[in-house]
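One chain, chain A, appears in both complexes that follow, with chain B as partner in the first and chain C in the second.
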Partner chain A sequence: MVLEATMICVDNSEWMRNGDYSPSRFQAQSDAVSLICGAKTQSNPENTVGVLTMAAKGVRVLATPTSDLGKILACMHGLEIGGQMNLAAGIQVAQLALKHRQNKKQQQRIIVFAGSPVKHEKKMLELIGRKLKKNSVALDIVNFGEEDEGKTEKLEALLAAVNNNDSSHMVHVPPGPNALSDVLISTPIFTGDGEGGSGFAAAAAAASAGGVSGYDFGVDPNLDPELALALRVSMEEERARQEAAAKKAAEDASKQEKGGGQHAISQDATMTENKTNDLWKQDDESALLQQALAMSMDDPEVSHDVRDTDMSEAATDDPELALALQMSVADSAKDSASQTDVSKLLADQSFVSSVLASLPGVDPNDSSVKDLLASMQSQSDKNEEERPNEEEEK
Partner chain B sequence: MSAESASAVHKGQVDLLDFIDWSSVECLNQSTTHSLPNAIKQGYREDDGLHLESDADEQLLLYIPFTQVIKLYSIAVKGPEDEGPKTVKLWSNKEHMGFSNVNDFPPNDVAVLSPENLKGKPVLLKYVKFQNVRSLTIFIEDNQTESEITKVQKIQLYGSTVETTDMKGLKKIEDH
Partner chain C sequence: MACLHDHSCEDHDCSSDWSLYKHIDLSKISALNEATPGSVKSVFKAWEHRLNSSGEHLESNEGDPELLVFIPFTSDVKIKSISIVGGPDGTSPSKMRAFINRDGIDFSDAQSMQAIQEWDLAENMQGVLEYQTRYSKFQSVGNITLHFPDNFGGDITKIHYIGLKGEATQLKRDVVATIVYELMPNPSDHKTRAESGGGLSHVG
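Take a look at the complex of A and B:
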């Protein structure tokens, strides 16, 4: 909720025509700008935002710092692309625009979108950075688009020169399937300096599928538990759909086991994460099961972000392993509502045994596994008892 | 005459510490660990271990508004011999100055501090220029040894208040 005046420096040089960010670099940038404006004005109604362009016919201020969101969105419309970005001039003009802000109590901040190569010398950028620090202006840099060695180095030097007490940040967004705005939402540029996501940021994260910041989807459990549940359910369904699609491609590999597993997967996506909890509990009792579970746990720890790709790769190899992966990747948030569903699932012996059959190293006829299944059955009964108690407490 | 200038506090002049409006005090280019209250707040400024330090370069820009209109008589700046300030420019009633416009307006007064001044000897100012001061801007341009950082241990302002109406004291006159 810091009172802030922000100037956004937009890169509208020729390099922005490139399509490595969908739909084009310039469009992705525009969306990000709109999102930032919205977030800033929402976090504090007295915040002002202004926009200037750095390329085309030269540095031009499109909007001086204003709290009128409509005006900013309107000026982003119909911008022409061309020329080369002039980073130094852009930052200096932004500083000047901030100096003449109406409310002198506002903190000054500049957000720069650096999508094209930086032609200035590192020394010059450092000088500019120090001048910004001297006048207590914070700087956020979004490094996207063109990537060359010198550019990142120069921007790092600029950031180091400006940074005062971690108020300035740099975000590097590589090209990829995720939209530029989605990646930015989880960064300090949106969330401010450790204030925690504002309501807007959490909502924006909900709208997109991204957001990996501590919790699964922004700050959901604290702000809005119902929203969190809804998000989790939709994520699971999404993953289940992906799984099913990948499975169809790999159907030739193992038709027999698919019969039971695939059916179950497409049905009970939400319950899978709760099943994980119960399975973990059995670790002490069965060494074999423990080993299998440990194997599936190892994979997701490696890379959280690309878990979708991991899962689709695994799916082609072994659908049951993919199911285990999916379950272990999901967060272990206890949801009492689906406890009864879990017990039903566990009661379905055929399903459980089909899962265990495909797990390498587990023999369903093994006595220890049979004991395990029996104990799981009693466990599910216990869970049913616990549920009424929980509801009473509530 | 010499007796007057020798004495630290002229008759009638008080330390203006009580009239500083703390909510709007600003300082540009100060280091976060060594900030302005170290130099002007009661208690902090007496402690020589606490000082105000500059950050990116050796210049400092202080903005001190007052709760009342005051007349400024003298200023005492205490600092270390080598890194203490040298040229100090003062403006009265100029809000929100930045480093870029320090050269746009001629200062109301300039004080060049000698090592003696840095021990706490006050510098007498052009009293006539500071008769009606609502806010004071102090620009420390350089320091004694051209070093990267300027350090200030204490800043004391001496002067007197102008008789301004105390609205709380106003009482309704009864009709006779």
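Take a look at the complex of A and C:
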């Protein structure tokens, strides 16, 4: 959401009559201009945009930087086509217009539509570029229309001279079935240097694809930004609350399951204490997983089989205990079923780990668990795995 | 305030005299023609660190020795003198021009406008030279713009330290700056912690 004043340099030379962009190069350019104005003013309502033409009767400023979208759209209407584009003069006049902007806090940016051949020398363009860089003006170039051998080279030289820290971009749009504006939506010219206009871009793309349903929560942020914001915030809070509830359920499940192991109760307690005392508390889901896995491996030297046979012995010795175990696991499964998908996933994971722990064949777990415990970074790795895992499942 | 440097203080000013850097509004400092955006903030530091050239410093772009530094203050100050530590091998600035209380000066303005004062600088590697101001003209300075048009023949201009000596009044010059009202609420201004961590689900 950078505060920016933008001057758009429109090419209305004779070359714009060509129809290789539908409906004509000039029309495609006008659409792109209106889209850019919309994107800029939406990403920050205090942004201003101005327009000037570079050909016809000479460089002419149609609108000085203003935040009034209607004024800009009106001045794009009824433009005459003719003459030759004067790129150097256009850029210099744009720079002058930006210099006299009302709000000096705005960053300066020039967007140039270069559709016709560039008649200036490369040196001159580089000089202009350096002057723009010196006065910290960013430049975006849309290279479309005529494909001259020297043109791309000159424009790239200009971009290299202006570019300061990747704030300037050049986009090359070849003629084809896609509209000029559609191609531009996905470029940094729209999205800016961060996530600035991407919301607008996404909404515009969704709108063009099909209907109102493209918006989050079915509310158009343009029409009712407060409602959209309120819905978004409440969704986040709800998600956080459900995750907390799910974590609690998973904890209960793993606690019940641990209580079943007679031979290793004391060890479990110490293990649990160690784990909870760790910094792993930050991420409870993975901590629980760690606990379950660690509990399953308990003594790395002693074979798992011993412990597992203990468990199964205990189970077979005491059918009631086995039943209790099964019920506690079933309970947690039932609990999770009544909750949302997110918590179900969490319960599933701890459920899966508890199932794995009780199985005699736990060798796959063994090596992976050893890896986890060996490295200090095990926690952060698990974090990264858990997060994309959850996102996918969602 | 005790002096921390190891030589006697009769010859040099104590760092408390050069403490105007504390009254600079660091977030609003800007420079034109700097090679690395944001590097201008590194030249405003305590007097003791003025010769510490290991950190960042202000450099101009290749082949262009001009620099323009805009320094706003948090309250009005009176500036008595200015000290500049430049770089070696001709990269020190040779002239300095100052403009007071002017917003948004760029190079064409700086070259055409009459400066409030101009100085010819010498290569000041030890930071012992200070350039006096015509004090009567620098009585209530809300912001100052320093223009360095030329250097001693180097390809670029390097500045390691800019020191300002004077006193700070508690007055504010522009209590009411430019007011721009919100036309519509900007959701990014109202991000909650959960939001900035979780993020939106993107459509399309």
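In this text, the second predicted complex is superposed on the first by the 204 of 394 C-alpha atoms of A that agree within 3 Å, B and C clash if a C-alpha of one lies under 4 Å from a C-alpha of the other, contacts with A are read in each partner's own complex, and residues count from 1 in each chain.
Simple rule for what comes next: a contact is a pair of C-beta atoms (placed from the backbone, for glycine too) under 8 Å apart; a residue touches a chain by one contact, two chains touch by 3 or more.
Since this is a predicted model, take the numbers as computed values, not measurements.
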Answer with first, second, both or neither: which of chain B and chain C does A:Asn165 touch in the superposed model? both
On chain A, which partner's contacts cover more residues, chain B's or chain C's? C
In the superposed arrangement, which partner chain does A:Leu229 touch: chain B (first), chain C (second), both, or neither? second
Does chain B (first) or chain C (second) touch A:Lys104, or do both, or does neither? both
In the superposed arrangement, does A:Glu46 touch chain B (first), chain C (second), both or neither? second
Where chain B and chain C land on the same part of chain A: residues 99, 104, 130, 133-136, 164-165
Inside the complex, what are the residues of chain B that reach chain A? 28-29, 32, 55-57, 59, 95-96, 98-100
Of all residues in chain C, those that touch chain A in their complex: 32-33, 37, 61, 64, 66, 103-104, 106-108, 178, 180, 182-188, 190, 192, 194-195, 198, 200-204
Under the definition above, what is the set of chain A residues touching chain C in their complex? 1, 44-46, 67, 99, 103-105, 130, 133-136, 164-165, 198, 202-203, 205-206, 209, 214-216, 221, 225-226, 228-229, 232-233, 236-237, 239-240
What residues on chain A touch chain B, complex-wise? 99, 104, 130-131, 133-136, 164-165
